[in-house]
Amino acid sequence: MLEAQLEPYTQLRDNMARRDRSLREKVMSLEEAASFVQDGMKVGLGGSTMSRTPMAMIWEVIRQRRKNLSVSRCIISTDGDLLFGSGASDHIISSWFAQGILWGLSKVMRHHVETQGKRFEEWSHMAVGMRYRAGGMGVPFLPTRAMLGSDVMKQRPEAKQIDCPFTGEKLLLVPALNPDVALIHVQRCDAYGNAQIDGLQFMDIDLALAANSVILTTERIVSNDQIRRAPDHTKIPFFCVDAVVEVPYGSAPHECYGLYEPMMNHMEAYVSQVNSDPVDGMRDYLEKYVYGPKSWTEYLSLIGMEELLDASQKGRSIYND
Amino acid sequence: MTEAHSYTASEMLAILSARQLRDGQVVFAGIGVPLLAATLAQRTRCPALTILFEGGVIGAFVEPGKLPPSTNDQRCTKRANMVLGSADVLLLLQRGYVDVGFMGGAQIDQYGNLNSSFIGDPAKPKTRLPGTGGGNDISSLTNMIVAMKHEKRRFVENVDFITSPGFIRGGDTRRESGLPAGGMFRVITELAVFGFDDTSKRMKVLALNPGVSREEVQDNTGFTLQFDDRTEVTPPPTEHELQTLRLLDPERLFTA
Amino acid sequence: MLEAQLEPYTQLRDNMARRDRSLREKVMSLEEAASFVQDGMKVGLGGSTMSRTPMAMIWEVIRQRRKNLSVSRCIISTDGDLLFGSGASDHIISSWFAQGILWGLSKVMRHHVETQGKRFEEWSHMAVGMRYRAGGMGVPFLPTRAMLGSDVMKQRPEAKQIDCPFTGEKLLLVPALNPDVALIHVQRCDAYGNAQIDGLQFMDIDLALAANSVILTTERIVSNDQIRRAPDHTKIPFFCVDAVVEVPYGSAPHECYGLYEPMMNHMEAYVSQVNSDPVDGMRDYLEKYVYGPKSWTEYLSLIGMEELLDASQKGRSIYND
Amino acid sequence: MTEAHSYTASEMLAILSARQLRDGQVVFAGIGVPLLAATLAQRTRCPALTILFEGGVIGAFVEPGKLPPSTNDQRCTKRANMVLGSADVLLLLQRGYVDVGFMGGAQIDQYGNLNSSFIGDPAKPKTRLPGTGGGNDISSLTNMIVAMKHEKRRFVENVDFITSPGFIRGGDTRRESGLPAGGMFRVITELAVFGFDDTSKRMKVLALNPGVSREEVQDNTGFTLQFDDRTEVTPPPTEHELQTLRLLDPERLFTA
């Protein structure tokens, strides 16, 4: 298990050497981009909790009936529910897995972990970040001072406690995490994949650098000229990116900084339905909202115009001052 | 107590927690009562208090009536001094920039260890809880204030699982585990304010909440509590504290 | 020597606990700020080569006749000359030390290293970065894959080569560098020290986090309101900063991104003077430009209005498109 | 050769170096001839070439006539795709995003090791040179092209000091030193284009520059050179290459 997770450097470099990192347009549809996600892969998700969740891409991956995905995200919420509930994933790596602070425990997660043998592999929030960062730096580990002494550490033989060769202090070395594919949603990028991210970055930059391929969904595709006018606003460079998909409201019903807040009526209804019946409630939700719609636009229509407008009005208010 | 019915237990928690903060401190606050309490402190006695959120925010000013649904949402960033990556804001704890970590708790033990991962045997858990989030990082790397509900099943002798370390097994075991900095500083409940013995690192009662007896606290606690000789009684919430708090959370999202 | 460089974690934390990190105004003069720099201290310099050099602060430190400073900078140029030549520093840690690519070798550096016993301690560019980054993260080292097999590594017993406990690969652990004080020049910050840096960041963010105190010089002090309107543009948080000094053209005769390019006539004259006579030429330069002027403004007057205007015109052209 | 006096040695260097690049590559370029050569390639055969600079620049488009004084100056960023920290741009090499590192050299040896630190004994150097800069990082972590002046004192059997590693002591010693990726790929001088033997990792002549004999190359080299059976002669600079190059550097800052 551990061996499978930590790629030797030569393999990491070989994978990279094979990747097409040339300056080229890579705009495609959700359907096409989903081909980068194959059964059994390690998938890293951008954003955190209910923010900039790459929901449209997750939605498409579930529609394409992927299986056995090992999914990592710094903090995972209803996206984790959908991945477990649909059968797309049987292993989630995260620091926290619930339906959001307002609703607490996920009965879906509990059902799948407590009775279905699925795995929720827990690391501290910083440790998840250091694992991506090590992956993005091309080193096999980073040293940290968290998790020491806790049972969280004792459950993670993948990490190694050492005595610092300089100071003798106890340190925990957390292994690099290089997902096979990262799904990241951004406010805007160009056709090459040069991406700007407004506001909260979470771990997306490290994740993009660490992953062996990146699917970028974006609220809006802008010209390369626009990117080049403010090169210090680019957060992810194009050569990390393998697919660009324009998906307005691509984090719905979660939020996207500066554009829309979470769609709370939909979230409330969702939580009530799946927490009251994590099996049938989830099945019905997936049928209606994931498998049912013919397109992402049709999915947004099901959430409803009023929700979208309200979330957008609240989303833009971050800039009012 | 004439004030007995004029505030909720959560309001009491938030107000007593806010009183633990000092002006000028850098406070890493979790969602819910911690966020409310830190904001309350900032708007009453501590204008130079700096609040950090796990989502990657430094110096937030939460807008009254617009509490964020988590510390990873954009509402946390309004009028902040800085927004940065979430690994980077957690690293500030490791470097030592943070004075106080402030969070809620589901289960705590005599040494201030917190469990938010498992109820029952982790190998075959009765309940799989949400996990650590940044809790382990915060409690490993700075001084902690925990605000939580006081119930016997939550105040246990030893937690089922140490998610966020307090003093581990007491004495020097925290330092010996590789955590030389920080540690559990205060636990605030609707019954009392707790500290930890300098040597044994066991929880002790520092002050009783208004109208609460020693027996009531002990009866609701799953281990034997130490009481300070000079155990005080906390002054009740003031009108100013209550008004400010209710302005922050008019919908009682976190203070019902 | 090594022990002195790597602070144990408890000491690092104790230093930090004593620091006033409250939200408070800290605007002062160059003279006052220089009191943070004491003889024998480890001083980290922001910027790189000829860019965003904290020249005004260096100038003031030299004027105040500081001695025995151990100075680190990712790439150091004429600022290193001045520090060696004035006697302020006898130890410079850097990846590259010359007078700038256009002029090559520094005869001043050569004189002081080859015949005066001063030390130019060489690390790879990335290694300098990883040393600051480790310092900023509060860990005693970071692993890297550079310097291995080279004589640069063999000259640095301060670093440790290990076999990776995960993969068995050879790695180099570079020790954290936590300067006693960092001097950093930025385009703008508020009175608390919340700083925005446009364009090239170099290693300034890691350096600011790593240092035990930071003196920020800034082209312009702006309101805290302005900072708070775009919190994702803040690059250094106020609680890292111990002094704020407003110094227009504070990097002169070097450049400051978006505001001015290097003042090339002055640089040419400087190089010609000190390279032709690294002792007397340097002494004369220091007398005229460092010890002589009554103020930074008088120093700028010596460089001359035409140079300033020309450099400013070129500096702003980065935004023309 | 009718072209013999129509271009300078530096122009020849830049043009032959540019020819080594392929479209779509990600190239980490040093200042001087490397920057010129990469820009020349980008403006002739390789529009999808990406240039990285050590100062923290991705996808730069250097403006003709406005060459930067170093790769750490703002002129490098004009119309770039991204500006980032200088440690971060170097880490891209370590992660493997870069195809080619491209720099100048002061002294090189038979195994492609470069010295830019010391002439003479490092403990008591005759000359203290400027040092590695990013050179060590680049040559440790990717495939290298080096453009340099061909003189006997610069092409030595073993460098005084390995600043930037080539193949160390030949054979597998680079890999054994912990550098499994990259290595010296090409050396370009005003006399010839060099590669390295697959097994011994010693420098060999791949192609002679126009009008240059084997003897001339060997006479200017401080170690015995291997010549390929099929050693070719490089076609001279074309008018288009020369014109484009001169447009980039009209003041001959780097091509005098």
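The chains carry the letters A, B, C and D, assigned in the order they are written, with residues numbered from 1 in each.
Here, contacts are C-beta pairs under 8 Å (C-beta built on N, C-alpha and C of every residue); 3 or more make two chains touch, one makes a residue touch a chain.
For clarity, every value in this text was computed on a predicted model and none was experimentally measured.
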How many steps does it take, at the fewest, to get from chain B to chain D if each step moves to a chain that touches the one before? 2
I'd like to verify one number: the distance from the centre of chain B to the centre of chain C, where each centre is the average of its C-alpha atoms, in whole angstrom. 40
Between chain A and chain C, what distance separates the C-alpha centroids? Give it in angstrom. 38
Which integer distance in Å separates the CA centroid of chain A from that of chain B? 29
Two or more other chains in contact with one residue: find those residues in chain D. 57, 77, 79, 83-84, 91, 94, 180
Note: chain A residues in touch with at least two other chains are 9, 138-139, 144-145, 169, 171, 199-201, 228, 231-232, 321
Sort out which chains touch which and give me every pair. A-B, A-C, A-D, B-C, C-D
For the complex, which residues does chain A have touching chain C? 6, 8-9, 138-145, 160, 162, 164-167, 169, 171, 173, 175, 198-201, 225, 228-229, 231-232, 321
Chain D-facing residues of chain C, complex: 48-51, 74-75, 94-98, 100-102, 104-106, 109-110, 113-114, 120, 122-130, 132-133, 144-152, 155, 161, 169-172, 199-203, 205-206, 255, 257-258, 261-262, 315, 318, 321
Taking the touch rule as given, give the residues of chain B at its contact with chain C in the complex, in rising order. 23-26, 47-50, 57-59, 61, 77, 79-84, 91-92, 94-97, 99, 180-181
How about chain B: which of its residues touch chain A in the complex? 31-32, 54-57, 69-70, 72-75, 77-79, 83-87, 90-91, 93-94, 117, 122, 125-137, 140-141, 161-165, 168, 173-174, 177-180, 253
For the complex, which residues does chain C have touching chain B? 9-10, 12-13, 16-17, 20-24, 136-139, 192, 194, 209, 224, 227-228, 231-232, 234, 237-240
